Amino acid sequence: MQLAKVLGDVVITRKDENLVGLKLLVVQPLAADGSHVGRALVAVDAAGAGVGETVFFVRGKEASFPWYPTEVPADAGIVGIVDHWDLG
Amino acid sequence: MQLAKVLGDVVITRKDENLVGLKLLVVQPLAADGSHVGRALVAVDAAGAGVGETVFFVRGKEASFPWYPTEVPADAGIVGIVDHWDLG
Amino acid sequence: MQLAKVLGDVVITRKDENLVGLKLLVVQPLAADGSHVGRALVAVDAAGAGVGETVFFVRGKEASFPWYPTEVPADAGIVGIVDHWDLG
Amino acid sequence: MQLAKVLGDVVITRKDENLVGLKLLVVQPLAADGSHVGRALVAVDAAGAGVGETVFFVRGKEASFPWYPTEVPADAGIVGIVDHWDLG
Amino acid sequence: MQLAKVLGDVVITRKDENLVGLKLLVVQPLAADGSHVGRALVAVDAAGAGVGETVFFVRGKEASFPWYPTEVPADAGIVGIVDHWDLG
């Protein structure tokens, strides 16, 4: 999984029926020191995240597990809100 | 998922039988600010997208979900047309 | 999926039994303008491709779909021969 | 799989119910010579790893195998503690 | 799949029970011209490979196919020993 910051949301009118009603957010992956790293992507929200929050997201088919058995065609999903992380 | 712009289409005469009849488009991933990022790829279209439109696509096996139970050998699929996105 | 050029073939004598009899080709991914991009990889051929041809390949478990239900341990497979592509 | 060093842990209060009770660690992938390479990520711990230890982790759906049949929405999991590795 | 050179082996004492008894090797991906490319990784060996040999490996869940139905938590597996490859 990756730490990420929620940058904004996406308005998509025509979409696959299994995506209807789901919230889609633009997330920016973060490095361990909190800096931005790599490209932003779109994730479905399974954790009630909002813009500006730090989250962690999962890639791949696992992103659709929270909606199982519906086969949500998503490859990135927010599965938690991060309070903080500690580097030893 | 990734935001992307549809650059063009691909003409493929010999192909796997489960791809026959599907529209294949060249898409260019976009960064959060709308600039091009990374390499273009080929995606199957499940959303009725056209050249020049902004879309979002999914990678991996999830790309074949819209055609389930047909096992479409695709690893990237357009699943929505983007109206706009907002950065908070 | 990715556009690619077939660079050559691979001779592999000891291999997983589910790969026996399959043609393995070295393919070079192509950018939208036809230039080489990223690293070459080895793909199983499900489309009758030859050296020098432009093809498109799929990554991941989908690469083994053409041989279903045999569980071919392949993560890249050529599933079409490209005639040409058009950029709008 | 990738060799990695455990950098720290992550405190996540709101998360998918199938992640409750699991330990989430920040891991830094290592190159063959032990130097840091690529971006840090978050992995679920299936091996009892601690901060500062060298581990190896698996990506993708395989990361959830240790909790099967629970469908843990994780795409990276620590599956072993590394004593050392030898380069021939 | 990727061409790779076996660099060494990994000694891992605490690990997932489905990995016990499997040989884990450090492999370095190779470009089409035989030069090193990208980062080294750890792969399970399904082909009887040794240090210094040229192999090809598969990524993802496919890496566990040779041990099916055991759910080996591996995302990279050596599935063949390469004699040579020819570029046309």
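Here the chain labels run A, B, C, D and E in written order, and each chain numbers its own residues starting at 1.
Here, a contact is a pair of C-beta atoms (placed from the backbone, for glycine too) under 8 Å apart; a residue touches a chain by one contact, two chains touch by 3 or more.
Only a predicted model underlies this, so the values are computations on that prediction, with no experimental measurement involved.
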Per the touch definition, the chains contacting both subunit C and subunit E are none
In terms of touching chains, how many steps apart are subunit A and subunit C, taking the shortest path? 2
Superimpose the Cα atoms of subunit C on the matching ones in subunit D and note the rotation angle, 0 to 180, in steps of 5 degrees. 145
So what's the Cα centroid distance for subunit A and subunit E, whole Å? 31
Distance from subunit E to subunit D - Cα centre to Cα centre, in angstrom: 19
What positions in subunit E touch 2 or more of the other chains? 60-61, 63
Name the chains in ring order, counting from subunit A in the direction that reaches subunit D next. A, D, E, C, B
Under the touch definition given earlier, write down the residues of subunit B that touch subunit C in their complex. 6-16, 18-19, 24, 26, 28, 39-44, 51-52, 60-61, 63-64, 71-76
Taking the complex as given, what residues does subunit B use to touch subunit A? 1-3, 29, 31-32, 37-38, 46-48, 56, 58-63, 65-66, 68, 77, 79-88
